[in-house]
Amino acid sequence: MGNFKGHALPGTFFFILGIWWTTKCILKYAFKKHKRTSYLDSKVLFHRVEILEGIIIAGMALTGMLGEQFIPGGPHLTLYDYKEGQWVQLLGWHHFTMYFFFGLLGVTNILCSTIRSLPASFTKLMLANALFVEGFVFYNHTHGREMLDIFVHKLLVLVIFLTGLIAFLELFILTNITVELLRISFFLLQGSWFWQIGFVLYPPSGGPAWDLVDHDNVMFLTICFCWHYAIAIIIIGAIYAFVTWKSFA
Amino acid sequence: MGNFKGHALPGTFFFILGIWWTTKCILKYAFKKHKRTSYLDSKVLFHRVEILEGIIIAGMALTGMLGEQFIPGGPHLTLYDYKEGQWVQLLGWHHFTMYFFFGLLGVTNILCSTIRSLPASFTKLMLANALFVEGFVFYNHTHGREMLDIFVHKLLVLVIFLTGLIAFLELFILTNITVELLRISFFLLQGSWFWQIGFVLYPPSGGPAWDLVDHDNVMFLTICFCWHYAIAIIIIGAIYAFVTWKSFA
Amino acid sequence: MGNFKGHALPGTFFFILGIWWTTKCILKYAFKKHKRTSYLDSKVLFHRVEILEGIIIAGMALTGMLGEQFIPGGPHLTLYDYKEGQWVQLLGWHHFTMYFFFGLLGVTNILCSTIRSLPASFTKLMLANALFVEGFVFYNHTHGREMLDIFVHKLLVLVIFLTGLIAFLELFILTNITVELLRISFFLLQGSWFWQIGFVLYPPSGGPAWDLVDHDNVMFLTICFCWHYAIAIIIIGAIYAFVTWKSFA
Amino acid sequence: MGNFKGHALPGTFFFILGIWWTTKCILKYAFKKHKRTSYLDSKVLFHRVEILEGIIIAGMALTGMLGEQFIPGGPHLTLYDYKEGQWVQLLGWHHFTMYFFFGLLGVTNILCSTIRSLPASFTKLMLANALFVEGFVFYNHTHGREMLDIFVHKLLVLVIFLTGLIAFLELFILTNITVELLRISFFLLQGSWFWQIGFVLYPPSGGPAWDLVDHDNVMFLTICFCWHYAIAIIIIGAIYAFVTWKSFA
């Protein structure tokens, strides 16, 4: 992952997932509020969509896991090099672990959508787990790096942890559209922040690299993080307006 | 904002907002409890008041944003000075960002009051967001300053974070007057604490400046913070007594 | 407060308050469960008891406030010594502030018990406020002291904060006897821990003083804190058994 | 406890307890969902099982307490050595304290199962208490040790604290199977992590000891912790599948 692409890819995935969840969440709310029977039975539709969602998440996670292991120079499933007496590519294994938990989320999503007796909240539980594991791994990920590198990853951990916290709280209390959209807005933020990290640490333009020990950059990235969030909110607002307009036009 | 006025203005705004919300909250409670129909239909009244509130908040935020940008010596919407190779007036942009999120709160307030299909809790969500962003920015705001300067801003972050936390919890659980008044008391505290920061860092009397590295000042400001809160509670109590007495006299 | 008595007095007060609340809480639970009409109408009884409780708390707080100010060598309501150019007895003012908030709790308790239109949860709110203020002041109370001194006060802050947290959560969610007893058990712990602090910092026996920089003492006080809590639990259990046995014998 | 066995024993106990609770929890859910009357009246069965559970937990705790005190070289109930002027075996007393609180949990479990008037949530309360005490003691347990030793114990504290937090939240809000399984999964994690600590600090194979100051080991144990959790989740999933299949075959 130590390059621009390695940050842009998960960023894009989280962003698209966020956009998709926003649409689904608002559609569900609109259908529920107006009790309108669309030409497709919405329940069956949403059910199939859940399965598809699970398959895509599991598939993406599997791709990520295989990619981390078998890229040229990857660990190729070796964990410990007995010759050298040291661990092999631990950062790669870190990413592998995070993908694995998102894979579990995907599998749970599929199982909960196909087997009726399973409580639906298992999916939410696995989502919280996947996010907490992601946050936990990233928290222990940046040992010995430069200040700015640590700072951008800390903000990443912050947004991941907040997303997980909301998913966790949703286990206890009946969810509503506001809380759900809040959680999704953090997903969008995570996605676009991955891009930002890519731009800061591995500028793709070939332009001048960021000074990793200049505290002014920390001051700027603080507000940049907020602007990313503002954009996430505006995107959700736009989707809300569009979906509501389209489905009741 | 690096002067007395720059702290007194937002302080006054938050304080007046807090006073206003206290009155509204207690009036609502009194009307609800006694099911009394006043000469004005209270529902319609409160509805119009909400819109007015949104307009005022959005207006104040816009004023703040423009002020930060176009005061003499402000950044004038320039973010990066390519000649000097450095960021332009990041602290001004910090304030700009905070105002922007309060602007979003104002806009949401207006939209939720005019469009029926929008969930009312969106306003609460944007309030929590605006407060968390404010706290987050202030938390990263005081790099390299003196001990006392950092301490008074830390207390500011504390009260902002607590206010945001309560607004956040209100998303999950049905709100009641006690929780609402608690949240508002923190608003009053924030408002008067802004004044206190102004007095500590930029004494308007021209009297002797505070010693920024004397730990005794930290010890005093600790209890001073509590006294501000005591005053906030007493003010709310007085408004409660006055409103209840007036509306049932 | 810088002596054994100064810690034993509030400790005794909190402990007795805890014992009293335990009895009241269990009696209420027993009456409610068995719907038994005792020879005294329990509702009226509990109501009067609440007022009495408020008067005692307010009285104790007032005594504490006056004591802190007018003991020989106390600040006598002077806050700043303009001659010396320094604050007068800030630690005394710290204690004064804490007592003041418990005074507010007492006053609220009286008001909520006498005025019907006031929500009963105001008392809970003022309790949470008094505890958070107490924790906040103690947190900033021990600057520049020895390790063990700081450690015992940190544990005090921990238990105060936990008590406040539970009182705060009770604002949001319907309380039950388990949660209430948990909160009260922390009150007992706070009371007995005040005694422990007195014994550690100002041994009344005149025996050898504790070594304030020996880490073994920290290790011991860690488990000592847990033993205090175990005793609090056992006391509550004993009261539970006694009250249940007495009221249904 | 300063050897492999001392970590393997509690680990095994927590793990078996976790497996047992998983089975019980899923069986209860299955019985409730399908309202099936098995050949044994399930309510009476579960009731007796609760008592048995309490006896086993209390017995194990008592064994642990006696073991800590009377092993060769143990403190034999001596707390302070007046000759040497120092505490006797504080780490042993630390373990003793933790066992004591689990003993209280066992006793409460028995009492709540046999005495009807006791609220059932007392057991949950004592579970939270036992876990918070365990976490609190472990947090203050590793003073002056090597980096890796502290790190593995920090992760232990993390999982213990999370388990306690969930048990605490269950006091406030009606529990459901998802939350319960989450709590149990943390128990399994705690159990297997005890084993991992044993392997890291006291390798039973006699193989090369782990380098306690190598940061790569921290990086590995970070993901190792997640893998333990993944295994806990997979075990719960397998038990879920097996129990559901068996009870409806």
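A, B, C and D label the chains in the order they appear, each numbered from 1.
Definition applied: a contact is a pair of C-beta atoms (placed from the backbone, for glycine too) under 8 Å apart; a residue touches a chain by one contact, two chains touch by 3 or more.
Worth saying up front: this structure is predicted, and the values here are computed from it rather than measured.
Student: Following contacts chain by chain, what is the lowest number of steps it takes to reach chain D starting at chain B?
Tutor: Counted as steps through touching chains, the separation is 2.
Student: Identify the chains in contact with chain A as well as chain B, in label order.
Tutor: none
Student: For the two copies chain C and chain B, is the contact made of the same residues on each side, with over half of the numbers shared, or of different residues?
Tutor: Result for this pair: different.
Student: In degrees and to the nearest 5, what turn takes the CA positions of chain C onto those of chain D?
Tutor: Angle of the fitting rotation, chain C to chain D: 90 degrees.
Student: As a test of understanding: of all chains, whose mean C-alpha position lies farthest from that of chain C?
Tutor: The chain farthest from chain C, judged by C-alpha centres, is A.
Student: Using mean C-alpha positions as chain centres, tell me how far chain A is from chain D in Å, no decimals.
Tutor: Chain A and chain D have C-alpha centres separated by 32 Å.
Student: For chain A and chain C, let me know how many angstrom lie between their CA-based centres, rounded off.
Tutor: Chain centroid spacing, chain A to chain C, equals 45 Å.
Student: Would you pick out the residues of chain C that each touch at least 2 other chains?
Tutor: 173
Student: Which two-chain combinations touch?
Tutor: Every pair of chains in contact is listed here: A-B, A-D, B-C, C-D.
Student: Would you tell me which residues of chain B are touching chain A in their complex?
Tutor: These residues of chain B touch chain A: 86-87, 90-91, 93-94, 96-97, 100-101, 104, 117, 119, 121-122, 124-125, 129, 133, 136-137, 140-141, 143-144, 171-173.
Student: Of all residues in chain B, which touch chain C in the complex?
Tutor: Residue positions touching the partner: 33, 169, 173, 176-179, 181-182, 215-220, 222-223, 225-227, 229-230, 233, 244.
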